[in-house]
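In the two assemblies presented below, chain A is common to both, partnered first by chain B and then by chain C.
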Partner chain A sequence: MAAAPKRPFRWHIVVFLAPAVLVYSAIMILPLAGTLQLSLFRNIDQSQIFVGLANFRTLFGDPNWSVGFWNALRNNVWFFIIHMIVQNPIGVLLAALLSSPRLRFSAFYRTAIFVPTILSFVIVGFAWKLILSPLWGVAPNLMDLVGLKSLFTPWLGKEQYALTTLSLISVWQFVGIPMMLIYAALLSIPEEVIEAAECDGITGMSQFWKIKLPLILPSIGIISILTFVGNFNAFDLIYTAQGALAGPNYSTDILGTFLYRAFFGFQLQVGDPNMGAAIATMMFLIILGGVCVYLFLVQTRLRRYQF
Partner chain B sequence: MSTATHSLPRTIGAHAVLLTYTVIALFPVIIVIMNSFKSRAGIFGAPLTPPTPKTFDLIGYTTVIGQGDFIHYFQNSLVVTVASLFFVLLFGAMAAFALSEYRFRGNSLMGLYLALGIMIPIRLGTVAILQLMVASGLVNTLTALILVYTAQGLPLAVFILSEFMKQVSDDLKNAGRIDGLSEYTIFFRLVLPLVRPSMATVAVFTMIPIWNDLWFPLILAPSEETKTVTLGAQLFLGQFVTNWNAILAALSLAIMPVLILYVIFSRQLIRGITSGAVK
Partner chain C sequence: MTTKLLTALLLGTSILGSAGMAYAQDVTLNIESWRGDDLAIWKDKLIPAFEAKNPGIKVVFAPSAPTEYDAAMGAKLAAGSAGDLITCRPFDKSLELFKKGNLADISTLPGMENFSDVAKAAWQTDDGKSSFCVPMASVIHGFIYNKDAFDQLGIKVPTTNEEFYAALDKIKADGTYIPMAMGTKDLWEAATMGYQNIGPNYWKGEEGRTALIKGEQKLTDPQWVAPFAELAKWKPYLGDGFEAQTYPDSQNLFTLGRAAIYPAGSWEIGLFNTQAQFKMGAFPPPVQKAGDTCYISDHTDIGMGLNAASKNADAAKTFLTWVASPDFATIYANALPGFFSLNKTPVKMEDPLAQEFVSWRDKCKSTIRSTYQILGRGTPNLENETWVESANVINGTDTPEAAAKKLQDGLDSWYKPAK
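After this line comes the complex of A and B, so read on.
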């Protein structure tokens, strides 16, 4: 680095960086900025007029919009909560079982449990719709086998159950990801740490709680933030299973479907790119907020152990 | 197989839990594929039993193949996925190399800039992306999808690959420099082959969301010519709500290629995920 002043300009750095930076900036960053900007404009007489925060005032002040927005946000929060309290514990449990030494067929279990994750939302949404359909009777028949047939109702068709059911379907689909990441984290714990624990008489469950769990907390943190971003950006599953209207009676409407309807319009509602941009801006702020909380509050407090 | 620390009851318990969850994970897939080979009466009469000679029927498949242009959709998906994957891996590796190999002003800032996209989903820019594609005449072309997916995949690719490239030995690269290799040769001949395993990881993480995406095909390329499998299946399923044979057959047709590929590559895929996550 001593000869820095005389060094010729290193063109190869530019060549290496340029394609990625150009595509990324042109297709991702500029449109993102453009969307944030569009949310401050409104289309009046075929031209875009700067209106400041008027779109947001409409979004929060006009009952036609605000009711839908708060409903979608509430549903989205519930969607996320279900993921956190169901997906992560199941993922940790499966990973802990898989990582136990000398377990037979563990490759088979890993492969099989990851299958739903590779399927598309369209397949998952429709397959579950059929299975839960009272017309077909797979779900009631199965519940009959365990004597719970009386508990069956068309879950996707009832307002009070539909969102929770869809959240659980989404958990079913994505549980493979926390399982794999935590499995990887568990495998990376060195033998010496485990052996030291065993020498101190810490085995079995208490070994898991006292030794392994603290060591995999960073992975759980990463999974949580990935889940957060994924959930507040979700659209496909709801659209596939319940349509753009997120029925019954908007009970499964989340921010993604709300944005889609605002942007493109649906049935009697006319599409409005500026309101769509305003909703996208709100989603951006929510996701940014979550990511900042993770980066500054969670990650700095988690100790990373270097082996 | 029981040892002092892993008693037999505990092993049985572990297998019981894992087996239960495996059944939960596979059951919907199996039910759909099984019933797609049955007649209508078989589907509704005994949904939980495998097809018997009496209920076996391929009517669903003949309907789907007669109605939907699935082979064409499949080609579109393949083109989009493979092309995006190629660009993500090439551009991502190049940028990762620049960031991990050279010290220059703005290096870490550039790294941060590129990492932004890991957390902020590209979907939020949809409104402006659509305007951009309309303005450049790319609506209803596969190029639009390839561009979007390339941009979508780059941040994670750069992030993961630069972590791995930092581990490539400096001695090797410097030996190459002393032998008079250009920086490009060093990258393509020395470094790329060494990071091939991590390229596989990135490929997996990039490929699955692209293949399965519904949002961008729906918005940017909904025309008959450019439909992907995911969008085609969605529209087809919406159209045939009451024809259960056709729906089940269409679902099975959409599941099977992915499932077969997955079974073939699952070992590499899972090794990729676990090795990628460890680092």
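After this line comes the complex of A and C, so read on.
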């Protein structure tokens, strides 16, 4: 074959990609690689020694670590389940209500429901701690007004309720995100599809179930995966509301707080960056696994509609 | 605007400061500390008092933020830019600095004889042979009570366990006050103000604490389980919803006059004096039977050591000797009521509540918190586990025996006492 005229190397692609690649590598890829590397070493006599997978063997083999780890993972799963069965259905419901053309003041509701999302965790944690406080909180008084005082307990201080309570606080804070995403998805459904459905006699609830819901399923999938990643990286709310020991009796300990105590230490407990990195690696693998399952098993089966 | 002003001021002071150093013939000592709150006391009272007696030595108190102190100190010591005098955290954090050679051995410093062995224990090697910091202050545990409430209900200050519970029952029956202000939400209240407060009476202070370190006693022995059993009895006397009551909640409950008794550490005195509108008194942890020896937790909290790399070691030693003297103790203890000097010479203090606390040193035997020296090192961490288990016992989710067993099992997993 005759030598085709050599095309000049397209430098502009490299140049345009460079800033993003550099920034992303510097603040995401490098620390991640550093963490993975750290988890394979151990501090012996003031120097870092390569120990292979020994830290992971300790994490899973030594009951002092493994009990804490499985407890944190179990709590984290429950935290995620609450979000999936409470936050996302409520988000979809709110979005469906908001997109109804007959609703007045929808812009106000939309903003009001979204506001908690932009609040700092610290504010949310402290505000709810005060609201639920048995001493000065408004919750006991409000419940008294409607005659439900007997149902009030110091939720954040009871082992059996604390985690669920915190999950619901987190749901309150973040319900705006699924609502916004679904709302956008609902608005993007073309009028023709809705009109065609109406011509076929599908209106009201059945219109939502048969026409709109299938069309927003990809968005619900994205929200689920965002919730999953967010929940397994969660830390701030538990830390501000319950402290680093995630009391009572570790009942609100999730992977984030477990990692924090191991990595940075707490009170007299001296931090162990290597064990911390091992836990961080496990968190990374759990999240990676979850995202892969979603991408390869769920995402590929979702049907897309081209309008 | 304010930041600009602040920067300008800081710049100004640094230039002036270095200019001063360059021209003066005097030796200047720098003190590193995390106690930013004490800046005024050092500048206005302590340093002038020292400089008046020791012309030729200038002292600068340069605190950094508590959360950054340990990391910043480590970096400065490594770089050789740390101050001459270093405020010491108790136990392992300072011991580590000593082992790295950053703190000088001051066992033979004149003035060290002013301190008891318990006082020095926080800044000694495990064998007790070398000391590396001068003990400055400790905090004492006990109970602060609302005197008006006690008078109103006709309750005498309890000295024995029996009287203690009788008093609590009486307050509860009356109903005006919550008998005891304590919550379990923050966990450490239950351990520090509960277990470590009343415990020394059962494990006989230093005797039990050192036996535990030597491995002669176990946390599952009756004298270590008994304080947990007492804590379990406290539950009915705490306020409604104590499970979600935080430490500031407890402080407020008491200073607002809604609770009668507050299991306390002496560091509360300063705050309570400014907030409470009623008369307060204090009593030491009640003993089991009348006539028993009483033991109190007199926990060493803060000390001062000499940077081994200091160029002004002689002047620094002069200063440390002064820190070890009764003069320093008097000024310090009066400026910060509730932080008691560890000096053997009794210090005259103005604050009546502080006087009450410190008077227990004469009639009771002092000890420090059992979970700090040596035992506070490993994983799972005994101190942190004690927080969790003390709260569990009060909440009723663990029996005293189960809690003690968990603590001992955790300790056994890493601690092998020297035989």
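The rule we apply is simple: the second predicted complex is superposed on the first by the 294 of 307 C-alpha atoms of A that agree within 3 Å, B and C clash if a C-alpha of one lies under 4 Å from a C-alpha of the other, contacts with A are read in each partner's own complex, and residues count from 1 in each chain.
By our rule, contacts are C-beta pairs under 8 Å (C-beta built on N, C-alpha and C of every residue); 3 or more make two chains touch, one makes a residue touch a chain.
Everything quoted here is computed from the prediction, not taken from an experiment.
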*Would you sort A:Q267 into first (chain B), second (chain C), both or neither based on which partner it touches?*
second
I'd like to know which partner A:I13 touches here: chain B for first, chain C for second, both or neither.
first
> Of the two partner chains, chain B (first) and chain C (second), which one does A:P134 touch, if any: first, second, both, or neither?
Replying inline: second
When the two structures are overlaid on chain A, which partner does A:N249 contact: first (chain B), second (chain C), both, or neither?
second
**Prompt:** Is A:T203 in contact with chain B, with chain C, with both, or with neither (first, second, both, neither)?
**Reply:** first
Under the stated touch criterion, which partner chain does A:L166 make contact with: chain B (first), chain C (second), both, or neither?
neither
Once chain A of both complexes is superposed, is A:V92 in touch with chain B (first), chain C (second), both, or neither? neither
Winner on chain A touched-residue count between chain B and chain C: chain B
Contacts of chain A common to chain B and chain C in the A-superposed view 136
Listed in rising order, chain A residues that touch chain B in their complex are 1, 10, 12-13, 15-17, 19-21, 23-24, 26-35, 38, 90, 93-94, 97-98, 100-105, 107-124, 126-128, 130-131, 136-138, 141-142, 172, 175-176, 180-181, 183-185, 187-188, 198, 203-204, 219, 225, 229, 233, 235-236, 239-240, 256, 259, 263-264, 273, 276-277, 280-281, 283-284, 287-288, 291
In their shared complex, chain C is touched by residues of chain A numbered 62, 64-65, 129, 132-136, 140, 153-159, 242-243, 245, 247-250, 266-270, 272
The answer for chain C against chain A in the complex is residues 91-92, 183-188, 239-246, 249, 252-253, 371-372, 376-377, 379-384, 387-388, 391-392, 395, 397-398, 410, 413
Listed in rising order, chain B residues that touch chain A in their complex are 1, 3, 5-6, 10-11, 14-15, 17-19, 21-22, 24-26, 28-29, 31-32, 43-44, 47-48, 87, 90-92, 94-95, 97-99, 102-104, 110, 113-114, 116-117, 119-129, 131-132, 147-148, 150-152, 154-155, 158, 182-184, 187, 208, 211-215, 219, 230, 233-234, 237, 244, 247-248, 251, 254-255, 258-259, 262-263, 266-267, 270, 273-278
